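Two complexes are shown next, each including chain A; its partner changes from chain B in the first to chain C in the second.
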Partner chain A sequence: MFTEIIEILDRFLSFFEQSLAFLGHHLFLIFGLLAIVASVTMVFAKNAVHSVLAFLATMICTAACYFTLQAEFLAVAQLLVYAGGIVVLFLFVVMLVELSRFKENRLFQRQTPLAMFVVLLGVVGFLTMFRRLIFAPSASEALTLSPELAEGLDVAGQNAQAISRGMFTGYLLPFETMSVILLIALIGAVVLAKQERV
Partner chain B sequence: MPFAQALWESLARDSRLVTPVILLWLAGTLMLWPLGSLLLKRMPKDRWAFFTVAILLLSGWFVINTPNAIGFADMFRVDGVTKGFQILCIAAGILTVALGRQQLGALKEHSVEYYSLIIFSISGMLLLVGATDLVSIYFAVELMALCVYILVGYLRTQERAVEASIKYFLLGAFSSGILLFGISLIFAATGGTTTNLERLGQAIALAPGNQDLLVFSGVLMVLIGFAFKVAAVPFHMWSPDAYEGAPTPVTAFMSMAPKAAALAAFIRIFGTGFNGVAENWIAPLSFIAAASMILGNIAAFKQQSIKRMLAYSSIGHVGYMLLGVLAMDSQAGAQAVWFYMMTYLFMQAGAFAIVIYLQGANEGERIEDFKGLAKRRPLLAFAMMVFMLSLAGIPPLLGFFSKFYLFRLAIIEGYITLTVIALLTSAAAAYYYLNVVAQMYFKEPGEAAPPPVCICTKAIVALCSAVLLVGTAFGPWIMDWVGKIVWG
Partner chain C sequence: MPEMTLVQTLLIAFIQAILIIVFVFVAVPLTIFSERKVLGFVQQRLGSTRVAGRLGGITGLMNRGMWWMGKIPIVHYFRGLPGLVGDIFKLFIKEDVKPAKADRLVYLIAPAISMVAAMMVYAVVSFYPGVLFTIPSWVPIIGGLPVAGAMADVNVGILILLGIASVGVYGIVLGAWASNSKYPLLGGLRSAAQMVSYEVPLTLSLLVPVILAGSLSFGEMTRGVATGSSPWAIPSLVFGFFVYMTCGYAEVNRLPFDMPEAENELVAGFHTEYSGMRFGLFYLAEYINMSVVAAIASAFFFGGPWLLPFGLQSFVPEACWWIGQPHWYIYVAKIFFFLFVFIWVRGSWPRYRYDQIMAVAWKYLIPLALVNLVVAGLVRYFA
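On to the complex of A and B.
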């Protein structure tokens, strides 16, 4: 009796362990799927607040994806900036702005069949692409990252260092350009919102 | 610290390549603060036009004196093509500022921000035409386009301006997403090592066979992203609305500068980066070029608004210029496109100067408003005729030579069908251009007395028609000089 219970518990534990290991190996896929589900929810949610919450879930799942790829810095930045800052702003805006007026407004209804067709075409195209990529004979070889990049992943411990080096050496010009782009966004907000001009 | 020292040395070496850009960034920022909002607050706002022109001229001088080199970890390259297109963008900026001064003054919509946005947009174009890496290309495109989105909605009290701006912004953001997705697919397909165009060209050739589809979809998406930016059919939907809704000087700007810069990047990407996988993009691009020529020119027929007509005709012109991208020889293609863009810039600037004059005269922007212009303002009407005939490519005007060299290149490269389509559509296009001329010369004018012509309009019209007429005399030789500029 006692041994049987132990055996069942043991089996259960090993099954649990195995499934945990399975999950651990496929965390990226799981969080990726969750992110997709959340983003679809965001698009189709009737209530704007639900939509924003789904957006938050998408952002957190994306951050988790970065974690599984050992890009800790990116993941933390994603959590801080998007999940922490931007989504809260969105929530504020949604709560301040009266959205009930737009509820009955069914925009773009005429184009729905065409849009469905295009989306189906895209889905079929991408499924074909993934099938050919994943089940092709030399797939395992082609899908592995190049040695140089794999080395980069080995030093994932110094993730922030690697990113900062990239920003100030190889990617200096795009990085500086991006700072100007942010400035333009600021100017644009002022130009479009300022009351009088003279 | 060896790392910091090496960083500093490479920065000192590379920053010479982008002196004009740094100048524009500094000037654009200083204009906002402290000059515009603190030190020169009392200065009349339209003076900033002169300041902007001076800054642009100075940056043009810097462009000419930049050494030919590659820098920023192979992300930016200065050569003849870069310099040639950079000068075109700066010239377009100067013409825009001159075009807009009077109209913005009449609308009481002058502000420092307008000029600084133009400066920042041009800095993005200067970066774009020299960019040799998909990452730097993407950021330069964004910098260039973001400023133009804002400028389109600049007259934010007008409903159609806001509508045009939002439409343009949403579609532009969408196309940027497609462009970025395409870049990431190519990056993955080539092993995730490089985004540099030259190395990418080699890596694509070495990519394993089962990556074909990945490369194909990536190249196609980059193609779509750029077709959006140059407003080629079937990705042209935003262009007529954005052209109509934007303030007219900004419309002129949109039809000249971003197109020149995007076409230069187009040639660089597809000429050097994706040269090895030409079979992936030749057919779609040929389709895009042919569709742009046909649809752009046919749709221009029935337009009542001259701004919409010029928008559709610019779609047609982009179709012609894509012939230069299709020519796999990127130097010769760049040369022909540069020459075409140069003449197109002067024709557009001149035509828009006259449209702005008519708008200032409280007449709308409909083609009917041109009626009888020959009786009221014979010189302006003559200049408009020159611009229209040149846009139609009627010999012996300069517009004919630019078309001639482009079509000759296309024939040499073996695109016979496309060239035939181009010839037929440009013959058909003569109809709607000549319609404007007929309105001016064969219709009776309205009663109202013609308003005075502002000095800026006079200067631009005189400059543009002089370039076109004098250039006509040197048409047969001009290509050699262009060659000297573009080959560097």
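On to the complex of A and C.
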């Protein structure tokens, strides 16, 4: 009697463990599907604030995808920059605009056939390019840009160090150029906004 | 350490999560009660002393005796404590009123976002470096395994912490918008602007311990600042601490920065239309956020589980080794002390005006934090 119970428990436990391991291996797929669902919701939501919420969910699911690829720094940067910064500003703008006036009544826009064609083309191109990667299990090792930069580092465990090494040794010029471009955009926005008041 | 299976890892994480929840839900009601008492002390009154105004039972008898002797009875002093249970019970059983024109979905999930974002930060908080205790070997499945003092002391811990904390602003903004009422909307807009603004100097002031410790992991930062920083770093640490605390008060919308719920202007800010347990979630999230700010301040500036603040730990001579040992209860005591400081400040400072709040953030705190950051960088480079 007693041994039977233990046996049943044991079997249940091993089944539980196997299913957990299965889930763990396919976490990337789960979060990827969630991200797709959320982004579809974002497109088709009639209320703009619901769209922003779905966008937030997409960003968080994308960050979770990065986590499953062991790119912790990238995931957290995604969370900080998009979820914490950009989507808040979106929400701010959407809240301030009178929503009822711009309510979408039709589900699709007028240029549907052309847009559908372009999107289909993009999807087909994407699938042919990445067909081997899409249904593969999650990566067990982190991806790096070039292996010689990550010498002496455990890339999966020391994500931030590896990325900073790449940024400040191998790719310093593009990195700084990007920051200058962003700064120019920022100053340009301020100048454009200021002109009306003077 | 033995290799752990997936189930074992999850069970250990589950135990740690329960420990953290126990800690939070002991700390929060105690803070609420002590807020009443400390504010009473600051304003020269008793605070909450009775549940329903009765003087029955043993405590009532003792109290009557002490009143008769002309003394404030000590038992009487803690008689407000059951009122706390009553408060929470009231939150649970109250009718959940929903405005007719509220956006149903967003109205429902906004308090949850607040609460989840506040609780999840504790996943990366390291209460103790190393093993907290070992599970006895007779326990099934997880017997003999160590339970670490941190749930996940990951490589980018402080960034995760800031990222999750920055999601917390959605709870307030969405709750304000979904109520479909003008006072909550105004309060929500104010708080969103305030929280987004104060996130900048907050992050800048947290970069000081990052630079000094040379790491982004919570545990390593605590250890590096507490035991390994040079004496020249002390001024910038002290200064960074004050900048951090100021921003922390603004982040959790406490006095003197509690613009979102400035009662005389905005009824109750973003949670005007909320009632019952949904309001309770906002209420809890505010206090949990307070404890999070207290935890971060005590970990990165006050030495965390080590005894002495601001990197003074490295001057402790070898002979006094018992001072040099980290303990989790030192950390918890520091968290409680900072929760007390929250109430203390609330009792002694008036509220800022909205433009003053913004001026403090953008004109003073950000430049000061930047200068402080440069000083910390110089200390790190030369000393």
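By our rule, the second predicted complex is superposed on the first by the 132 of 198 C-alpha atoms of A that agree within 3 Å, B and C clash if a C-alpha of one lies under 4 Å from a C-alpha of the other, contacts with A are read in each partner's own complex, and residues count from 1 in each chain.
Keep in mind that, in the parts below, a residue touches a chain if its C-beta (ideal position, glycine included) is under 8 Å from a C-beta of that chain, and two chains touch if they have at least 3 such contacts.
Only a predicted model underlies this, so the values are computations on that prediction, with no experimental measurement involved.
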First, second, both or neither for A:I86, with chain B first and chain C second: neither
Partner chain(s) touched by A:T128 [first = chain B, second = chain C, both, neither]: first
Contacts of A:V118 with chain B and chain C, given as first, second, both or neither: neither
Partner chain(s) touched by A:L56 [first = chain B, second = chain C, both, neither]: second
Touching partner for A:P174 - first (chain B), second (chain C), both, neither: first
Partner chain in contact with A:V190 - chain B first, chain C second, else both or neither: first
Partner chain A, residues of chain B touching it in the complex: 7, 10-11, 18, 25, 29, 32, 45, 72-73, 75-76, 108-111, 113-114, 116-117, 120, 123-124, 127, 135-136, 138-140, 142-143, 146-147, 149-150, 153-154, 156, 191-193, 208-211, 213-214, 217
Of chain A, residues touching chain C in the complex: 13, 16-17, 20-21, 24, 47, 49-50, 53, 56, 60, 72-73, 76-77, 79-80, 83-85, 88, 91-92, 95-96, 157-160
Chain A to chain B touching residues, read off their complex: 125, 128-129, 132-133, 136-139, 141-142, 145-146, 148-149, 168-174, 177-178, 180-181, 183-185, 187-188, 190-192, 197-198
Complex interface listing, chain C residues touching chain A: 5-7, 10, 103, 105-106, 141, 154-156, 159-160, 162-164, 166-167, 169-170, 173-174, 177-178, 185, 188-189, 192-193, 196, 199, 216
